[in-house]
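Pasting a structure here, questions to come.
So that you can tell them apart, the chains are marked A, B, C, D, E, F and G in the order they are listed, and the count of residues begins at 1 in each.
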Amino acid sequence: MKTLVLETLLKPLVPLFIVFALYMFFRGHNHPGGGFIAGLIAVIPLMIHAIAFSPNKTVAVYKVKPFFLATGGLLLAVISGMFSLIKGSVFMASLWPENEMPVFGKIGTPILFDLGVFLVVAGFVLKVTFLFAEKDQK
Amino acid sequence: MAEVLIFIFVLAVLAPFLQRFHRIGLFLLSSSLLGVLVYFVGLVQPVLEKGSLEYPYQWANELGVSLNFLVDGLSLFFALLILSFGLLILIYASSYLKGDPKIGRFYMYFLFFLGSMLGLVLASNLISLFVFWELTSFSSYLLIGYYNQKEKSRKAARQALLVTGLGGLAMLAGFVLLGMAGGTYEIPALLDNAGLLENHPYTQAIVLLISFGVFTKSAQFPFHFWLPNAMEAPTPVSAYLHSSTMVKAGIYLIFRLNPLLTQSEFWKDILLIIGAITLLVGAVEAFRSDDLKRVLAYTTISALGLFVLMAGIGSKDALKAAFIYLIAHALYKGGLFLVTGILDHKCGTRNISDLAEVRKKMPLTALATGLACASMVGLIPLLGFLGKEMVYKASLSFTSWNWGMMGIVMLSNVFFVAIAFKIFIALFLQPSKDKTTQPVNEASIWMLIAPLVMGFAGLFIGAFPEFSLKSISGSAVPSILGSPLELDLSLWHGFNFIFILSLATIAIGFILFLGRTRILVWMSKIKIPFESLPEKGYQNVVEGLQKWANSQTRWIQNGYLRNYISIFIFVFIVLVTFHVIRSGLIFDELIKLGSQDIINNKLIILFLVVVTLVFIFLSKSQLMVVAAIGIIGYSIALSYTMYSAPDVAITQFLAESLSLILLILIAPQLPGLVNTKLKIKGRYLLVSILFGLVMTWVTLMGMGVEKSSPLKDYFLKNSILEGKGANAVNVILVDFRALDTLGEISVLAITMVGIISLLKVSKINP
Amino acid sequence: MMVYLFNILAAVFFTFFTHEVYTEIPHTALMSLSLFLGYYGVLWLFSWFYNKRHFKKVPMAIGLFLFYIKELWWASLKVTYDSLTPTHHMKPGVIAYPMIAKSDIEITLLANFITLTPGSLSIDISEDRSILYIHETYIQHGDIPKYKEKLRNGFEKRILEITR
Amino acid sequence: MNLIVALVIGILFGSSIYLMLNRNFFKLILGVIVFGYASIYFLFVISGVTQNNPPLIREETAENLQKLADPLPQALTLTAIVIGIGVQLFVIVLLKKVYGVLKIEDLDELQSTDEIDQPKNKEE
Amino acid sequence: MSIYYLLLTLAIGVLFIGVMLTMIRFLIGPTLPDRIISLDLLSSMLIGILALYSIVSGVDSTLEVALVLSLITFLGTMVFANYLIEKMKK
Amino acid sequence: MGIRDIISAGLILIGVVFMLLAAIGLIRFPDFYIRNSASTKAAILGLGLILLGTGIYYNQILIFVELSAIFLFIFLINPLASHIVARAAFKTKVPFWKKTNLDDIKELEKKEKDKKKAD
Amino acid sequence: MVLFNPILILILAAILCMLFWVKPQIQKIITISAIFLFFASAVRLTYLVTTEGIQTVQAGEWPSPFGITFVADTFSALMVLVTSLVSVACIIYALENIDKSRKAKGFYPIFLFMIFGVTGAFLTGDVFNLYVWFEVMLVSSFVLISLGSGKAQLEGSVKYVILNFLASCFFLVGVGLLYKITGTLNMAALSVKIKEVEEPGMITLSALFFFLSFGIKAALFPLFFWLPASYHTPPLAISGLMAGLLTKVGVYAMIRFFTLIFTHDTAFTHQLLLIVAGLTMLVGVLGAIAHNDFRKILSFHIISQIGYMIMGLALFTPLALAGAIFYIIHHIIVKTNLFLISGLTKSINGSFQIKSNGGIYDYFPLISVLFVVAAFSLAGIPPLSGFWAKFILVKAGMEIHQEVIVGISLLVGLLTLFSMTKIWTAVFWAKGTKKLEMLVSSENHFQNSFLKEKYLMIIPVIFLAMITLWIGFFPNLLLDLAIQASDQLIQPDDYINAVLKRN
């Protein structure tokens, strides 16, 4: 698996997949897509990298901390539901800003929540892959 | 009243701490008890005046359970008995168990028992009575097992608890039924309800259940076997629980509910039969035994039989007799037990044949024993005589088969006489032989107080019955009868027929005593089968239960995951099939099926699924099987696509691939598919096929239902307006039902931690 | 590299901008595509003034792509023909091809284009990165050197032209 | 159409149970996965399926929302799939670990925790 | 139904025949790599089917399914290859 | 049926035929390497044509972008995947067809052996 | 908003613990403070519900029946309260009982997640949401039960995981059917809809799926196999919590569904429940009799006692339901406590085999008293809490002339006593093991130093024993609450009105 071709090609694939994942993520509210799907897509090249080389190398090259990615995602999801508490509403009530952001459109709390899902899925998948791909488990 | 009980229980809890101050502690305990006793003595006058005193306390009101207490003649009498005996025996025990490191616990259990017993007799609510009833069983369990390091003690304690516990549970059911019949658990209210049980449909059941409880507690045949075994307890315990108090709880209950239950002929019959058998079995066994404690235990059983018999006769005379004899029995039996304890302490044995001529070194002990035995024999002017007279009178007055009754009672008394002689003469008067042990000195005064007091009390009360008994029993017996009564309590009724019978009893008893060696040899040839049967029965039940439990558990919980799964599925199949047949669901659907076109493009999915499944079953390569599963998953994802669910399809494709890919990654570390020695059983195939069929059918049925959901319209309408998104599915996921999604990602986080912990914790921790 | 990216993004931006301003222009893919290509062409022409290298490389890249399309088409037809006719006349072989390509990107591109062409497949790269093992289904007349020559003047030459 | 879907579901359910009953670690995992498919697929199709009208609200569909598929079962299915992934992965790791620690190939050997331990000295 | 849709339906049918053939290769093997590449081709065909199905059904979001499928195939093939090599090492 | 539909249908049909032939080739070709080198790559052409046809049918820029993305991914990933599987097969010594000309690598192996001997 | 406080506290704490993954000490502080906060919020919730009536809140303000409802009636509030009680006890116990490597590998966050799931399950008013909470709870328990990877643990968890997985799938199938038939997922709306639906047969069919699913989770006969196979394997702070709490979530769901939703065909469903209840009681207690391992005996007793709770449900009278609820509360506390006590005796004698135990009575009177309270309460010795529970059920059963089940329940009570005395005899009364005797004689104040050292394991046991005693002596409060709860269950109009905002 540790071939030159793969190594070379993965370099552009990582940003490509992440961009594409973000595309799927932001479309998700209006088209098929969303946090789970995007989260999984984003980490595919990293998964391949970890499987082909080794998780340690992946961590070294791409500086990812999947465990904290997932934890942070969960935290983001919960917090996005708690914004409404400040306004005196109930947990998970959605808030939408008045104005649209230039590229992404409106970022309401549901979008933040979905981002949380995105991060959890990405972190989860990556962490599990890392664990599975470690060669010296026994 | 509740305060008194709480006081006693608090005392019980404090006892182990008080015990650390030795004499002072004991003094505090006994003076507290004395105080309680004085308090109850102070109630005698009010009770005599008012008939009964009520002390209402709330408890579980919603269930009709109160902590109301009732002090009338009957309960007051028992309370006095419990407290005075309790006090005496506590003092005795302090000496008997001197130096035992666990004596504090003894005090605790003892007081705990005393309080429970007091509660039992005072409670005026059936359920709270039951509560105290069970507490006496439980505290006696702790007391019997006092010598916990001895296996015999432990066994005996458990046996007593289980047997009385069994009866208690039956009794609880009986109480509940009685409460239903009478509409209340309050005993006074029930007793007021005249004729309640005369023709009530529950009567038989109530009688059976309550008598069951009574019989186990009061050691009636065939549940009597626990009592002799319970002699493993320290002797003060035997004296207190197993002669004068706990075993009489059943008798108390009979007395207490007598007005209600005598409405049932069935009740009387049961009491008569069981009482008579118990009376005889106890007497004979007592005669045959050598261990003094065992002898006393069996005579106690016999006496308990007598009380039950008297209650079965149910006449005024009989109840009166039972009541008087109960006092007599408590006094002489308590005394004898305590003497046994003294002998055991001083001589190191309780076997009658191992002891002789104790009188010389222990004159006071001999005196106490003499008084008790005289009462047991029924010599004038002891209370035993009075009791026996009344019993004979009651037997003779029994309506249907009075001579038979008389014979039974007399026979048992003959044995009693013989036993009393045996105890007194053999122990104290006979010259010593070589093997026998001799005591060195007299017992301490603390141990002698109780038996002497009891012995003299028997003498005193017997000599002056009018003075000492009239007031209390004059108020107690009417409570038993449920109607007022004038008591005639004189010692001397003249030289009548009954007196002759009494004399004859003593004479025959003495002859029996003289010829005891020969008679015992003769008796040992004739086996009385039903004596040992109940205990064997108990053992067989316990062992059988154990065996049954073992085999059944081994059979059900057999450790094979495949069995567990298939049973689950099988139960499902059976339930659905049963339901289908019962409700006739199947027929409608079959008709619907006939009118459907079945060929369309979804066939391809069916085809893919079937082909790959066949491949899975045949293939031996992990990778291929996984890939095949993937094909199934992809086919399903494809059908999601066709069924307008692109989000689901994408997710299925991704999720599917993810789990299979990770499975493949880990596959080299799993055992392979080939397991040649294993052959799957046909019944599993059958279960699988049936399950498939049932699920097919369930799906068909479910799809056949017509429905319209308001939820669909709401979500579609509000997706853009409120959720600001055109993809209704995603809006549901992140907004309408975001809580589900929160749970979902929590599951992922948890799984992640779980996988880390499984794969990273390499060290096995016990 | 930045120049390529910038030019493409700029072309995309102009295309969308045009669509926004001139709403009467149909919003079809073909129209957008032509707009994009037009803008890109202009941008490419401009690069003659500031980046000669870019100006030269773009046609080369297009040339490589067209060359690949040609190869793809013919090879596909060959494969198609073979899959319908008896297979025994095929003459496959494994070739150890000594590469001139040196850098990661060169080797990767070469290996990939070979693989992308039907009938040929890059199997392995030797440890010292000098030899590319290729499986070729149609070695004409069994002449391996000729095949190597063809590769040298075909894909490899065009790739190296771009990368160097 | 119902019959085919129902058959697919039935076959999936039946065969997954058969796989699980095979006393084999790997087949147990496969059985779990297939059982998961089957129940999730059931959840999806049972609440009624619509062809070619995904619940994406567009200008052209805004008029006639009734035509669109019910989004709720889809959302439920999605949630169930993701949860299923978590559980499946855990099962896989667990069985791997079990095999790694216990070194047995036959699921029937997993029965020590169900055994009745016999006491050494008999009492009571 | 216009001729165009008829043609597309026909095309989907042809692709399904292709799927069947690919499945046969998958089933008969004989080697693991054979099976892997057959899966690869299978997923290409599925992508094709999905693309055509999006036209036939008028649901353009089907294309997104196809897009994701193309990504995931990659991952699958990689892992299968990895498995192959792991097995070789054994 | 307009001109666009005709073009689209034509491209799609050609693509589908290529796909089918690839599948037939997959069945008929004698060894793994030929199957890999020949058939799966035919899919690129076939799928490319199908996607192009689909794009022409829709004629919407976003869909066109999506289709291009599919093609781009296939184009980038497919050869990579093929290469890796082939390499794995080569390393695991999956046998070549009996008619395969292996002179070149044998020669190379010989050279290496000689080298080693020389060392 | 009161309704969301408990779960928010728990999940935030769990996340914080994960963020401090490498610092178990900080995790400990977070967890303990969160559990106490959780306890406080549970008390507040219970107070509100019992004084002001049923509380509801719509997640995200989406109106019912469209959004997810969180609803607390007396039953739910009580369950949350008792959950908080036992989790306080278990977490304190865990400080001593759980070893470092487990603490470093996620014990704290998973513990919190599990309670998070349990609490959510008690509070949700939505069928599918209940499924999600079940999964949160189950997956956490999967992790907890296998955490540490001991041999027995791994073996047990295979059965636990697989059978519970099947149950979850059945749950899903049931949800699907129910949604198909009624078009709603909101429990209150379901209750209304089901009375209008024309296919009672189909509803019963879906009821069967829920019955089996909850039946597995609640460990009913013949679906309980996973429980005795696994509950005795993890460390006791974990198995104590599971033994007390987790099966009761199944029972809770069973009661909720078969009072609120599936009451259309009681002749079939509740009769089935009654039969199952009787068999569960019997088979469970027989298993307990068969075994000689402290924890296995306790595990089988869980099954047996579940039978009582289901009996209360099956009898389906207000009193019977009150009995079931009373039983659940009592059982959670007592059973947890017994498991915790078994951990104490194990750390004294080094074994769970009752025959390899002994001497506790002689040297550790305090522990003996604590055991007596819990064990004899379990056996129904009055006036401990178990007596009331059993008494209510007996009374309720007698009142509607179900003598057979009453008889079984009484008999099983006796058999429970039988096996509790077996433990008492062997572990407490019997002579101390040689090792123990040696320790006692060689070390001065061995007992005292043991008690001091393990004070974190003893305090929770005392705490739970006090609750047991309190319920026993003053049953009124809990009884009133149980009756209030059962009234709400039998007459679900209040519940429905509160959720659907009807008046």
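Here, contacts are C-beta pairs under 8 Å (C-beta built on N, C-alpha and C of every residue); 3 or more make two chains touch, one makes a residue touch a chain.
For each chain, UniProt lists the protein as follows: A = MnhB domain-containing protein; B = Hydrogen gas-evolving membrane-bound hydrogenase subunit E; C = Na+/H+ antiporter subunit E; D = NADH-quinone oxidoreductase subunit K; E = Monovalent cation/H+ antiporter complex subunit F; F = Monovalent cation/H(+) antiporter subunit G; G = Na+/H+ antiporter subunit D.
Since this is a predicted model, take the numbers as computed values, not measurements.
A.B. asks: Which chains lie in contact with each of subunit F and subunit G (Na+/H+ antiporter subunit D)?
C.D. replies: Under the touch definition, subunit F and subunit G (Na+/H+ antiporter subunit D) have A as mutual neighbours.
A.B. asks: Can you give me the shortest step count from subunit A to subunit E, moving only between touching chains?
C.D. replies: Each step joins two touching chains, and the minimum needed here is 1.
A.B. asks: Measuring from the mean of all protein Cα atoms shown, which chain centre lies nearest?
C.D. replies: Closest chain centre to the overall C-alpha centroid: G.
A.B. asks: A-D or D-G: which has the larger count of contacting C-beta pairs?
C.D. replies: Most contacts of the two pairs: D-G.
A.B. asks: Between subunit B and subunit E, what distance separates the C-alpha centroids? Give it in angstrom.
C.D. replies: 71
A.B. asks: Report the inter-centroid distance (CA atoms only) between subunit C (Na+/H+ antiporter subunit E) and subunit D in whole Å.
C.D. replies: The answer is 45 Å.
A.B. asks: Between subunit A and subunit F, what's the gap in Å when you average each chain's C-alpha atoms?
C.D. replies: Roughly 32 Å separates the two chain centres.
A.B. asks: Averaging only over C-alpha atoms, locate the centres of subunit B and subunit C (Na+/H+ antiporter subunit E) and give their separation in whole Å.
C.D. replies: One centre to the other, that is 90 Å.
A.B. asks: Please set out, as single numbers or ranges, the residues of subunit F touching at least two other chains.
C.D. replies: 22, 24, 36, 39, 58, 60, 63, 69, 78, 80, 82-84, 86-88, 91
A.B. asks: Send over the residues of subunit B in touch with two or more other chains.
C.D. replies: In subunit B, the residues touching two or more other chains are 154, 158, 550, 553-554, 557, 559, 561, 565, 642, 644, 646-647, 650-651, 654-655, 658, 660-662, 665-667, 669, 702-703, 707, 709, 711-712, 715, 726-727, 731, 733, 735-751, 754-756, 758-760, 764.
A.B. asks: Mind pulling the residue numbers of subunit A that touch at least two other chains?
C.D. replies: Within subunit A, the residues that touch at least two other chains are 1, 3, 5, 9, 20, 30-33, 36-37, 41, 47, 51, 67, 71, 74, 78, 81, 92, 94, 121, 128, 131, 137-138.
A.B. asks: For this structure, enumerate the chain pairs that meet the touch criterion.
C.D. replies: By the stated definition, chains touch in these pairs: A-B, A-C, A-D, A-E, A-F, A-G, B-D, B-E, B-G, C-F, D-E, D-G, E-F.
A.B. asks: Tell me, which parts of subunit G (Na+/H+ antiporter subunit D) touch subunit D in their complex?
C.D. replies: Spelled out, the residues of subunit G (Na+/H+ antiporter subunit D) in touch with subunit D are 128, 131-132, 135, 138-139, 142-143, 146, 149, 151-152, 154-159, 161-162, 165-166, 168-170, 172-173, 175-177, 179-180, 185, 225, 228-230, 232-233, 290-293, 353-356, 422, 425-426, 430.
A.B. asks: Which positions of subunit E touch subunit B when the two form their complex?
C.D. replies: For subunit E paired with subunit B, touching residues are 16, 23, 26-27, 29, 32, 35, 39, 42, 46, 49-50, 53, 57, 59, 61-62, 64-65, 68-69, 72, 75-76, 79-80, 82-83, 86-87, 90.
A.B. asks: If we count contacts the way the header does, which residues on subunit E are in touch with subunit A in the complex?
C.D. replies: The touching residues are 61, 64-65, 68, 71-72, 74-75, 78-79, 81-82, 85.
A.B. asks: Please give the residue numbers of subunit F that touch subunit E in the complex, ascending.
C.D. replies: 1, 5, 8-9, 12-13, 15-17, 19-20, 22-24, 26-27, 32, 35-36, 39-40, 43, 46-47, 50-51, 54, 57-58, 60, 63, 66-67, 69-70, 73-74, 77-78, 80-82, 84-89, 91-92, 94
A.B. asks: Touching residues of subunit B toward subunit E in the complex: what are they?
C.D. replies: 604, 608, 611, 615, 621, 623-624, 627, 630-631, 634, 637-638, 641-642, 644, 646, 649-650, 653-654, 657, 660-661, 664-665, 667-668
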